[in-house]
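Chain naming follows the written order as A, B, C and D, and within any one chain the residues start at number 1.
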Amino acid sequence: MAALAQVLSAHGVNITSADQHADPGVGQFFQRIAFDLGSATCDRPTLESAIAHCAHRLGMRWRVGYGDAKKRVAIFVSKYEHCLYDLLLRHRAGELDCEIPLIVSNHPDLAEVAAQFKIEYRYLPIERDDKLEQERQARALLTDARIDVVVLARYMQILSDEFIGAYRDRIINIHHSFLPAFIGGRPYHQAATRGVKLIGATAHYATADLDEGPILEQDVIRASHRDTVGDLMRKGRDVERMVLGRAVRWHLEDRVLVYGNRTVVFA
Amino acid sequence: MAALAQVLSAHGVNITSADQHADPGVGQFFQRIAFDLGSATCDRPTLESAIAHCAHRLGMRWRVGYGDAKKRVAIFVSKYEHCLYDLLLRHRAGELDCEIPLIVSNHPDLAEVAAQFKIEYRYLPIERDDKLEQERQARALLTDARIDVVVLARYMQILSDEFIGAYRDRIINIHHSFLPAFIGGRPYHQAATRGVKLIGATAHYATADLDEGPILEQDVIRASHRDTVGDLMRKGRDVERMVLGRAVRWHLEDRVLVYGNRTVVFA
Amino acid sequence: MAALAQVLSAHGVNITSADQHADPGVGQFFQRIAFDLGSATCDRPTLESAIAHCAHRLGMRWRVGYGDAKKRVAIFVSKYEHCLYDLLLRHRAGELDCEIPLIVSNHPDLAEVAAQFKIEYRYLPIERDDKLEQERQARALLTDARIDVVVLARYMQILSDEFIGAYRDRIINIHHSFLPAFIGGRPYHQAATRGVKLIGATAHYATADLDEGPILEQDVIRASHRDTVGDLMRKGRDVERMVLGRAVRWHLEDRVLVYGNRTVVFA
Amino acid sequence: MAALAQVLSAHGVNITSADQHADPGVGQFFQRIAFDLGSATCDRPTLESAIAHCAHRLGMRWRVGYGDAKKRVAIFVSKYEHCLYDLLLRHRAGELDCEIPLIVSNHPDLAEVAAQFKIEYRYLPIERDDKLEQERQARALLTDARIDVVVLARYMQILSDEFIGAYRDRIINIHHSFLPAFIGGRPYHQAATRGVKLIGATAHYATADLDEGPILEQDVIRASHRDTVGDLMRKGRDVERMVLGRAVRWHLEDRVLVYGNRTVVFA
């Protein structure tokens, strides 16, 4: 911490906020520093070079993101619109600091939503034998659009390990339960059958093991015996979009560090 | 509902509150009626007989509890004191409408707490070969003290199926996780490893399948990467006692109806 | 309760759910009964006549609503879109059982949103001297569209007492604070200055005393010293739309009874 | 940040965690650094001198606390026991890193609780004409016991400005409402009358303006029309002790910085 702070200070860089976390169990130290380059006495390559030198000396992994280089986000959807709308409205309200040039779907249903927000909508249907072909098309779109982050906004398809590996810790999924409870399909039906008193949602990075990736955020809403499966779904929609909205915002602001199967979220 | 309301009305009984719930999925109707006998024009046996007649005619199961016949509660503990204290303080504050004549433990540690509240504390140690013998002793104490309800306030022992069967839907357990997540032992360690963002607790009726009984109440507290296992345990203590306190209160006030593996809680 | 249940039963009406509440302090009893007319042995006027007779005999006020007669809602907005979108999306998802034929605004900004959902948008600007004239026009629109309920979805104008009186307990407002804290203008700035640790929102029926009407629903989101006024506004948008969504749903389902300056919400 | 980190690093001090916050509105920067002296290459006075020199150069106010110098806490109570028990149980569970040598009360009722935890209980009755005399006695006790922090655990007396001034930002009060709503007396009655849907509690530093001091923590519990004033009081007890417990813990761990009428809480 001292070394990095000194490097920044020596180059006229003003630290506006910083967060640190140490996990003694795994012997790792994490740090996020936000700084203002307005008073910097050098250019970006020089600064990065100084950081790299310091990091190398102390065995640190590092990454710099610039506020004027917005991340480019693709949203994958199927037929549910609530998470898609929520992200697009948050984006328009200035909550999500990114560009959203692309929406990909295996169904045509939400094309009109994309049109309302003037975003390209690519309908890539999946037929029985061409799931990998569809994924290949999707990945080509991501490459063409220089996408940094993929948000699975209730995209009801499992991605291949290869796809996930190519966007490691950059694919955010929303799972409609409080993981690790109700892993797998139809969690609201599972919840109703089990008679739980809370309905949850979990935003996590997608990994090869479905529903097992590092958790970004979770929340719950109270439920009761009065709730039908339909009521649980309604409550679920609310908690899903809240949780996904926060997770995406934190990711975009580089507030999330992944280690092992866990996250540090400097929220 | 009409029939029962009419029976009560016809006997001068004033309904002070009522709750109904229908579960079309299983084709069952549930009702809880609280009434004031002050203006009743008959004695209790006559009223019960009229209710029984009405219930029989309509195929209803029923039960009447009288406010002047307080339930008798035994609390089972091991070494953790937070849930025990919480229940005893709530009782003294008038939140729990019951008598607590007995505390049973497999450890001597909490005898002093019982003494402070002037409650009999029976230390029944478990030795390697006498687990069932210890349980037999415990059950004899319950019988002698005419116990209606057993609260497992972090009692770290599994009860036999026979014990549970004898107090079906009358043994309340607090499980230190958001069931069905983290079933089994050391849930806070499991939670830390999984990197969850919420810590939960679940109060449920004990059944032969451990951690699978009908859920009375659940709640959560936010957690983060900053929380050590010790922090999670601290948060867990808070949510455990809140959840257990509510569950016990609702049970004592006859607000809980069990069907299948679920509960209706007229809270 | 007995009398009404008997009336319904005698006409072949099947009660599907019911809720009761007694407030001994004011000596009032409240009841909401949902019933299914499928097995009724009479027509609606006959049933209503029987209810009226029973109610008159026992001094009860009553009201019947039919599921096939959807309430007609007008939404009033200014420039903020988050509450408007939220209501329209909930409506489309089937959460709000009503028709929304009309959106009224003192600004043109949100016309496009209305167009996306194919709802008439009437822009009624307020000029310095014609506030009452604008209101007169708005009320004419409400009358023409046979509006039952007005939702002020961050409509930044105070309505006249006359308007409010004409739609007593039928105008739902969302106030962007936890009332009665931060009554008045710019509550997020007030909250930041006071250094509160929670940000709230309140849905209430509009009354002549601004911010003093019967409360339908309230909720909060945690805040901290890290939150700028902008962050509080962001959190506020989330809690506002959650609270308003619930309040409107409960009102539409006739779950809210007003007495004095308070509500009974049979949620 | 860089300068201080360098000072610590230069003296062999290992930073275990750090938090920073900048408030551009008032032009202030706040920092909390936790460090481990195990590898320090100097003694404490030398380290403090180096910190003082650095701080003076950069115009910073600073304070160092050592983990082996536990703060000494006095708890003031009247007749309510729930907050007192809660603090004492948290202390015994190791949640509160302090010594609690003294409990002061204007009533004799809770002497037995103090005895159970083997803490001195001083009963200082207030008679009509000797309020200041009683306060003088209390302050003498605080001085004798070398008290650092005073916790008003539902102490139903107003302290003099002089008392408060002597323990500025070191007297923690729990107010039984969500301030600034329901300032003043009987907030649960006020809440019931207003028909609010949430019950809150606020922990704040005591200031001359009652209920106006810097807020440490707040929380709420849901309420409904079903809650009597007694129910609200019960819910209030739960939220009060949760909020007070967190506030006291944060204060004891030097996580709270006061500026203006606000706090930075590095929780």
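Keep this in mind: contacts are C-beta pairs under 8 Å (C-beta built on N, C-alpha and C of every residue); 3 or more make two chains touch, one makes a residue touch a chain.
Everything quoted here is computed from the prediction, not taken from an experiment.
Undergrad: Higher C-beta contact count, C-D or B-D?
TA: Counting C-beta pairs in contact, C-D comes out ahead.
Undergrad: When the contact pairs of B-C are compared by residue number, which of A-D, A-B or A-C has over half in common?
TA: Residue-number overlap above half with B-C among A-D, A-B or A-C: A-D.
Undergrad: Just give me the whole-number Å value for how far the CA centre of chain B lies from that of chain D.
TA: A distance of 35 Å separates the two centres.
Undergrad: Averaging only over C-alpha atoms, locate the centres of chain C and chain D and give their separation in whole Å.
TA: 41
Undergrad: Hunt down the residues of chain C that sit against at least two other chains at once, touch-wise.
TA: If we look for residues of chain C contacting two or more partner chains, we find 21.
Undergrad: Considering the complex alone, what residue numbers of chain D touch chain A?
TA: Within the complex, chain D contacts chain A at residues 1-3, 5-6, 8-9, 15-22.
Undergrad: In the complex, go through chain A and note every residue touching chain B.
TA: Its residues touching chain B are 21, 23, 178-182, 194-198, 200, 214-220, 224-226, 261-265, 267.
Undergrad: Using the touch definition from the top, list the residues of chain B that touch chain D in their complex.
TA: Those residues of chain B that touch chain D are 81-82, 85, 89, 92-93, 95, 116, 234, 237-238, 242, 245.
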